[in-house]
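Below is one structure, written out as structure tokens, with a few remarks after it.
To keep things simple, chains are lettered A, B, C, D and E as they appear, and every chain counts its residues starting from 1.
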């Protein structure tokens, strides 16, 4: 019984992890229509940032690393956007393949820079311990996820930049002829989306391996969250992440880890039967 | 004449906004009916409901006596309901000819689609000629201008050979000459088909319309002859505006 | 104020414009006419920088803008209402106007002025633009261009799909703007409307300017033939 | 004006479409190279590798059809490849085992042959399953998702998840499927020693001919009205409904065809390479093939085939010659081709040809 | 199939003035993490042997191929090394899956594979030499150790593939015969990183100890999450059989300190051969590098093969096989002897405890090298396992 009860916070915390890794993806997909397969590698970059900062910040590297990783991953995203992705707006499926190539290269770069084996990132001593069944580091991730969601929501819906971002996504040509510098908006959007991956990367050092293939472990799950939530829908991503987290937690509790993954997939297909565009859909009158 | 299309008590609500509000609308076999009304009155929405693109919140749509609510878009096309779109949608990667050919072939069984198109069928040739797109037949539809697309849409509708044709602002963006051409064509088609046309061009209306239905804020405002409708003060108030428009158009015609 | 010189443009290998020249003087209203597919929209798009010019120049108020990005042209005072009632579909009507206002850096009053020109938009401010009817969207599109306080307003078939009474309003609005000194470049299919509004006109055919003159000339047989009225 | 509605006597096509012999000629040339030249010049090991690339080319052909023509980006084609492969592998294992159990069942502690395996003793059944199982799964998935208008990126990500889930499922059922190891260590292929040079040569011819037949079939399909319809669905699914067609049917049929092709390819892969394992079904190999198609040129079926063969070859070549740089090269290749030549190699060739024609 | 003339293993490679040997490990993909270090150790051995004059007067020439963490690729590259490069022997593989994929290739071509990693046993190919531990040299000593410590209620955690599943089958048979109870058995896919649910299950079951057969990156996530759930080496020791010095760094010493592991070699193992090995390895690859059991087993493999070639006077496979039986060398892990019958090694089992400095301290060993028994024929309780 206690086991079953424990699964509730565990499910929430799994959901928080899913949310954090999917957030940047939701953002870049929702705002730019880019399916960024290199998102996982930006997460990895965030994790390695925490690793490198240990030399300066010791055990509190994780805290220092949050803003730095946001910048590092954001800059990587910016470079990717400027050099490649900007030629692909409106062709999401091509960006998927392109960024997959980028992700392969980045993995190899990491392997050459940091070596193939995992590296060690020690978590802060003040994150050791637990609040009931909820370890502090999981709680930290949950708070981080909540904070990021709120920040993005405010940015998107309450700021001029956020509105400009939406305008460019919805009608690029019109935005340009309305006086919006679409190039700058694209850069900013991709910077933020990638930066969020960096933050996720730092958080993941608390609970998982830090190595060149780190990103590959999370990318499929992140995509599922994005799909189930409705591409690019912030509230959809939040609900989908938490729901999938809980589903995963209970499915694994009653069966096993392998079957749980299969169950999650089956549930998502079934779910799309009722909501083919995910939880929340941007409706439009336009035909496609 | 019998009613081909019967719309009964149709309402549709989008996020609390009532786009159509208890509309009753009947069109007889062989009629050429014009549908007008202010921007946002619900004209396109009504056509969307008839063709299955939008589901009504309440009410029924009957075609040829049978209720079509719940039927999917392509099933309604198979019953003989065809339409064009206010913003024309054509297949840009296909040639003009192929666009028309696809429109003309939907009644063929699926297996027979596995063969190549050889030459041009009568229906398609006719549509090409009618729309004067013969010269552009082998061009990809993606290169067509706004107005050319509009024609292609009309051509596809003709090639489809439906019993009921619904045209959403077919002459928008057309030159005066083309308006005349379209008007003549619609009159011709209406001889043995039923046609519903949404249009804002009063000049066009006056020349080609007999019965006109006016929608306003999701409700049926008035139905009658062009002159009746034009004379109605409510229509003038919400739709036509002051008399200057009259005077202006008279100069040209 | 706007001067277009031997402009060439096209799509991929297909050339559409062949050395088009035109000029809009300050405060003038110039109307571009021509049959479907002759290149009117292409011309406007090239003037706005949506399509790159493959030859020729576009000069605006003494600046050579031929190579500029669209948003830079807007900054200089060119306002554009593209064909086909374009909007930012997921933004509200207000959002559509605000985003342009913010990008232009104009004060709130610019927005109010634009709404005064199209009072029918006021009750719709909270609605999503993508769900508006075609005519409502077109009014929004013009209002959005006005918010940038353009010196030159470029309109591509603004009356297409608009109900008669609003056509009159749009016409009046264009007249008012014109009277207030804003230059206008207008593509219009309604000959009568064009005649009422235009100071000058030009007729395009096959990507060439085949006729140009003052409004009075439009009555001429030749012009009517070219437009196939 | 009124004349247009009277029936004009149309007998001749106003648009002349002269028969183009360049395509068939090129096909014949490639066939000669493939069936005569390659077997003569390549040593057995290399011929075996080429045979493997050709199985990839069959999968790619299906992807070209589903994605290039139909707009369905399927990132789970490995699943169908794998299912075809497993069907064949199960038969070969049973055949080798005779009355006993396949080796992996022994070390997995399985004592009696699972019922699922029993019918695979029959070669006809096994070969039927190569086609039926991938086809049925694709058809089911297609019916479910296309009817609900799941498309574009949703579909892509769903198929990707399907691949991920399938791998986990197969790995988790070690006693039934051989787990991560998959099925390997085959001896006999329909009475032949599977590793013998002559068998491998025969397999090469088989896969080459199968590819040829499927290619011609897919090509005809592409040129048929159905092919046009498929393009229309790709570019405007909603509009197609208003032409009276059900896009879900069109998509489901095409997706099923592509799955069947992948299944056939998987079945041929097994005797050629000697192993089928869950890793081959996963996200990465599926993606790799899609990228190969993109590189070759997804809008042309020949591009898809070319891409798969080139990619297979490049992978072998670079991993042999420059093992350390291989991943960089692979990544850079994707980025460059997809970035600079969105229509792939075929697209480049096409525009070169047009340039020449323009110049001439 | 009948090997054709050109593919007869071994002979051809000795033709020139070098002898080609193949090194086939994953240099990319998930397994690269582990396998690259094994290749490095093998390259070190080749360099040392060459420096000492080579084999049969010829220098060894390594041909390196990438198995790319993909089993069919292992088969393909093995084929390539044998038929194209005509190498005298191949050192390669890590996962059992890669070995199973390569096995038919080596058997067909009658060529030799040296496989350097501990594995699940129940196999004895005539064309493979197994230089890592089989189950009776690692798993069973590990269980003996737990039993000795009074840990009788055990929870099994493993990656979902053949090695952990087979290992756990053996463990369950052992437990049944030795009065231990198995409280649970859980598998996660390779590369799995979410262990909070599994941790909850383990904690709820309240075992005395966990027997861990997770492989690769999953170990990092598992130990990190176990630690944050409050599990310590004191409250619930986790005995791992696939966590060596290399992995400890990645896991974070904090998270695993004090937990036991079972292997045949540690960097801290004290003997002259190891002092030399560790020094040479650090000199070649950097002082920060650690050595581990699979690396040592790979390093040994090269020496053992070279010794057998010397004894046979040829690289010809059948001769090498015949000469190999009984070869005994002092290696970093102690005395290693080739068992000619099974082609496995006599190895000393060692239990170690992970230290705060990331190295492993031996706390127990089997005293003498244990005779390899891949089919566990000498264990009565294991009778049903190897049919």
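Please note the rule applied: a contact is a pair of C-beta atoms (placed from the backbone, for glycine too) under 8 Å apart; a residue touches a chain by one contact, two chains touch by 3 or more.
Fair warning: this is a prediction, and the values are worked out from it, not measured in the lab.
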item	value
Shortest contact path, chain A to chain D, counted in steps	1
Selected interface, D-E versus A-C, where C-beta contact pairs are more numerous	D-E
Chain of greatest Cα-centre distance to chain A	B
Centroid distance [mean C-alpha coordinates] between chain C and chain B, Å	28
Distance from chain D to chain C - Cα centre to Cα centre, in angstrom	50
Inter-centroid spacing, chain E versus chain A (mean Cα positions, whole Å)	37
Chain centre separation in whole Å, for chain E relative to chain B (CA means)	75
Junction residues of chain C - those touching two or more other chains	131
Chain D, residues touching no fewer than two other chains	168, 171-172, 236, 238-239, 327
Interface hub residues of chain B, defined as touching at least two other chains	85, 87, 89
Touching residues on chain A, where the partner in the complex is chain C	160, 163-164, 166-167, 170-171, 173-183, 282-286
Complex contact set, residues of chain D against chain A	67, 73, 141, 144-145, 148-150, 152-154, 156-158, 160-162, 164-165, 168-169, 171-172, 236-239, 283, 287, 290-291, 294, 327-328, 330-335, 338-339, 342
In the complex with chain B, residue positions of chain C that touch it	11, 14, 35-38, 41, 83-84, 127, 131-136, 138-139, 157, 160-169, 189, 191-193, 196, 227-229
For the chain E and chain D complex, residues of the former touching the latter	1-2, 4, 27-28, 64-66, 68-72, 75-77, 79-80, 83-84, 95-97, 100-101, 103-105, 108, 120, 122-123, 160-162, 165-166, 169, 187, 189-190, 385, 387
Chain E residues within the chain A interface of the complex	28-30, 32-34, 36-37, 160, 186-189, 191-194, 196-198, 200-201, 204, 217-221, 224-225, 227-230, 246-247, 249-254
